[in-house]
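Everything below concerns the one structure shown next.
Per-chain numbering from 1; labels A, B, C and D assigned in written order.
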Amino acid sequence: MTLPAPLTGVVPPVCTPLTPDREVDVPSLTRLVDHLLEGGVEGLFVLGTSSEAAYLTDRQRRLVVETVVGHVAGGVPVLAGAIDMTTPRVLDHVRYVTDAGADAVVVTAPFYTRTHPAEIARHYRLVAARSPVPVVAYDLPVAVHSKLGAELVLELAAEGTLAGLKDSSGDEGGFRAVVTGARADSAITGFSVLTGSELVVDSALAMGADGAVPGLANVDPAGYVRLYRLCRAGEWALARAEQERLCGLFGMVRVGDGGRMGGSSAALGAFKAALQLRGVIACAAMAEPQVPLSAEEIEGVGKFLAGAGLL
Amino acid sequence: MTLPAPLTGVVPPVCTPLTPDREVDVPSLTRLVDHLLEGGVEGLFVLGTSSEAAYLTDRQRRLVVETVVGHVAGGVPVLAGAIDMTTPRVLDHVRYVTDAGADAVVVTAPFYTRTHPAEIARHYRLVAARSPVPVVAYDLPVAVHSKLGAELVLELAAEGTLAGLKDSSGDEGGFRAVVTGARADSAITGFSVLTGSELVVDSALAMGADGAVPGLANVDPAGYVRLYRLCRAGEWALARAEQERLCGLFGMVRVGDGGRMGGSSAALGAFKAALQLRGVIACAAMAEPQVPLSAEEIEGVGKFLAGAGLL
Amino acid sequence: MTLPAPLTGVVPPVCTPLTPDREVDVPSLTRLVDHLLEGGVEGLFVLGTSSEAAYLTDRQRRLVVETVVGHVAGGVPVLAGAIDMTTPRVLDHVRYVTDAGADAVVVTAPFYTRTHPAEIARHYRLVAARSPVPVVAYDLPVAVHSKLGAELVLELAAEGTLAGLKDSSGDEGGFRAVVTGARADSAITGFSVLTGSELVVDSALAMGADGAVPGLANVDPAGYVRLYRLCRAGEWALARAEQERLCGLFGMVRVGDGGRMGGSSAALGAFKAALQLRGVIACAAMAEPQVPLSAEEIEGVGKFLAGAGLL
Amino acid sequence: MTLPAPLTGVVPPVCTPLTPDREVDVPSLTRLVDHLLEGGVEGLFVLGTSSEAAYLTDRQRRLVVETVVGHVAGGVPVLAGAIDMTTPRVLDHVRYVTDAGADAVVVTAPFYTRTHPAEIARHYRLVAARSPVPVVAYDLPVAVHSKLGAELVLELAAEGTLAGLKDSSGDEGGFRAVVTGARADSAITGFSVLTGSELVVDSALAMGADGAVPGLANVDPAGYVRLYRLCRAGEWALARAEQERLCGLFGMVRVGDGGRMGGSSAALGAFKAALQLRGVIACAAMAEPQVPLSAEEIEGVGKFLAGAGLL
């Protein structure tokens, strides 16, 4: 299907359920997709950071896209990450995720290599020139160690290179510059500005963002959809209350973050434990070499679910 | 062939010559290998950072290993980078580079994801358990944004997980801790401690390092081999003079580093320009999205070659 | 006067006008204070980052506090930065700024030294124990290279160590955690949560922040006061328009940020040029060793003023 | 006295012994000075990072300089740190430390503020123009968060702004560029290149450095002097053995670095505990807000002393 322009609403970065021996758990993945669609999400983003894309082999990535695209059958658009270090490698991913049916690709700046804004621009132009589907930029400095500047994003939007931005930078001032800049520039139409934040979705939508891509929406899609709709309705006080409930729920990512594992595993481990506790996925295993949550930590995640009325 | 234990001498990280349309230039690659072997190097490291491994597709990476392994025909050991974000993806690379004949694999800590020492240790243990050849750790904080601690490296060496370390961290105090720690621990035998520096090879060898993996050895392998031999002979004053000559030559990496491109492209662009000017490779093209050196900058590289007596 | 609990409204970090020979320009400083008070601000913060506190000698700092405290004569509270590296040095500043009449002190985490959360907590407890006036924490990672965690701030608030927080960290999720945490904890009363942002004041107030400390309020105090009042009235659409106008105006900080000077000088240089162009201060000189804006850049600042209707 | 040009040998950064109530312990300080002079040091550096200069009030700093200058009575040169954020504040320190008799001042790049190479150059030029004694640059990125480039240092050396460099950056390649650049430039005479490392003093001297300023020389001045003399005599194998013994001793800084305190306190706490255990100073107290070593950790420090034959 064609990517809506702009894409709006809640577009969760779909977790990738794994079996105990770390293969993609296809039945759990389709159950998770159903859980998200029932929550009211308007699109799905597979192979992002919350999907453990960095840990999936090419074969597993392909299987994820095929599974999800096949299961939603055009019901909502499916965006797929093409996460790799540089242009030639990203283009290989673009090829197979679009072969598998992705409606858009989501692409970061180059990483591992020390890069430069001129090289980032070149990267997006080359990817867009070869991609059969729209390209959404993924701004994730915590992973790629460079920041997409608002001016660069707007330039690439105006020339048609980029169809949207998923901003997980945490820089709300820069995010606002893209939102207002895109609105002000008549050369930019249908550009999707999406926040990757769990914690300030109401702020982002109040600024004029089109939608949100929060990892925590795996756990509580209905909550984020409710939040989105309250914001759209201008019910800011109710929206704030819903957002604060979700901020409380997000505290689950700190359960495992006591120095025994990395921040990525603590967050993904909590999301997966919550999905298992809610009966959505069969197994909370994470890809190697992530350290799993302990039984006690999983219990801690359960308390957050209970506190948010989700158990 | 079996990896020497320890591996010693100069082991250059072999550049990957590309054609103007960015395919691996096989004839130039074999010429480059001959140029290095004639210089007296004791091993070759392909698919490292200086090889633009981050930019090569899996197909191109495979071709590089096959080409080099086939060409040296057991004359010297060939180490191959298995550079990817996490364990499952690294294991895929390990599989095909060893199928292609690599004698050892060189592996960084996980990157893109926020990691943790416990996860780094797990990563190396899982890779070593599945690798048919020895595993050398690649410490490159500038790329992966974490540092391998000396204690972790020594622990992994003592238990047989790691066969060596290529240290490109620039932390000479930490490097020394590995060198002296490995020497002091009777559980550690045949472990190779290699510096990735271009600029302090004499210091590293004086500390007791086994060898060096300098990117600039692509341009002047004979110079680094001379330096290595002078150090081994305890001719420290002559070694210092040779090292200083090579430090001067290394200034070529700043020719393009004036704000128009990233530091990676400036360095690789200079090495490739120098190899073309010296008649070793046919074309100085770099992989996308790197910004190429200008004609004027290439001329600047030529002046460094001339200054070092290499033109 | 007693610091309001909580302190609310716009509390600008007052620039320090200097003479051409870099002495405090007292008449310009009192004119600037009048300009701010006429704009409707509810407090003044002297000796902060925007005040060039890092560049002022102890003698000059004292003169600034005496001048401003004397001039406002109790009309609004005056907060003073006690910006120095560690506890003993900060306590010296606390002594003289409170001798000079400051109603509260604003204190960062230790810097220059590599610190630790336990040492940061100890720092605030020691300062609060010795300070005759309330202590407000100043979270400014870009300057001090550590971040005040929300949990630490809430703990120090609950025990009465801290009277407020000025958050210039840019981490809106963490800011929200302090706002909602302080509201939820019955042990915390009268605690002031202030954003240091120029760009997301409306978001911060919508979350429940008490006020704002934007450097740009030097240039357009009336604009920020209007924005504050619109937010308090729940006029979110009008607030957004005002905030966006101010975001546009803030673009002036990029006029000088073309690689010729540091980011601090570019921002302060623009604020001071704007204040001179608006006729508030006599001279736009900045303290040494900052690089001044060129005549052309000052003209560029003027265009931003004109665009925002301020010239 | 006039600063030797170049200054050579071991020039320890003198710890500042404190009484239990954190005042300068003058008798312990003079005993420490005697201990260092008996060890054979060729100069003393007071008010550096190892001196806890960041924690000392101006009054305490003055007392330190007066005490040390008075005690050495011209026997060796006394360099004094003038550590503060920017030019005007540094100049205040320059004034009183030279009034107190310092033979040279040691000055970092500006910190707290976001700076720029052009502003760093201006800073040193302004300080040198007003200082009655030579200015030594202090390169300490871990504290000031910028790095002095070799080209900038050499430019400032050639024009006579800088009399020397204390390099604690850990970047041995950059250090070497200063050493060889200063040697090669006929406009640079008498410039002192000093390493701040504890761990690679032999390497630095082999490159051609003039001397060393290792914090650990407080604990074992005779060891570092022996190391220095072996290097000067070209006895590299014996020098390496001595350096490795000192590297082992330096392990004491990790005794307290288990997550309970900052890295600065762990190192300074170990040095002071060692000085107390060796009977040089009366009390190991550190300035606030540093976390002290526990009794068990102090015992751990003692084991390092015993291991190095110093107890």
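Definition applied: a contact is a pair of C-beta atoms (placed from the backbone, for glycine too) under 8 Å apart; a residue touches a chain by one contact, two chains touch by 3 or more.
Note that the structure is predicted; figures quoted are calculated from it, not measured.
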Smallest count of steps, each to a touching chain, taking chain A to chain D: 2
From chain C, the most remote chain by mean C-alpha position: B
Chain C on chain D, rotation in degrees - Cα superposition, rounded to nearest 5: 180
Centroid spacing, where centroids are CA-atom means, of chain A and chain B in whole angstrom: 35
Interchain centroid distance [CA atoms averaged], chain B/chain C, Å: 49
Chain contact topology (line, ring, star, complete or other): ring
Chain pairs in mutual contact under the definition given at the outset: A-B, A-C, B-D, C-D
Residue ranges of chain D touching chain C (in the complex, touch as defined): 22, 49, 54-58, 60, 83, 85-89, 92, 110-116, 118-120, 122-123, 126, 142-145, 260-265, 287-291
Chain A - residues contacting chain C, complex: 170-173, 176-177, 180, 197-200, 202-203, 206-208, 234, 236, 240, 244, 247
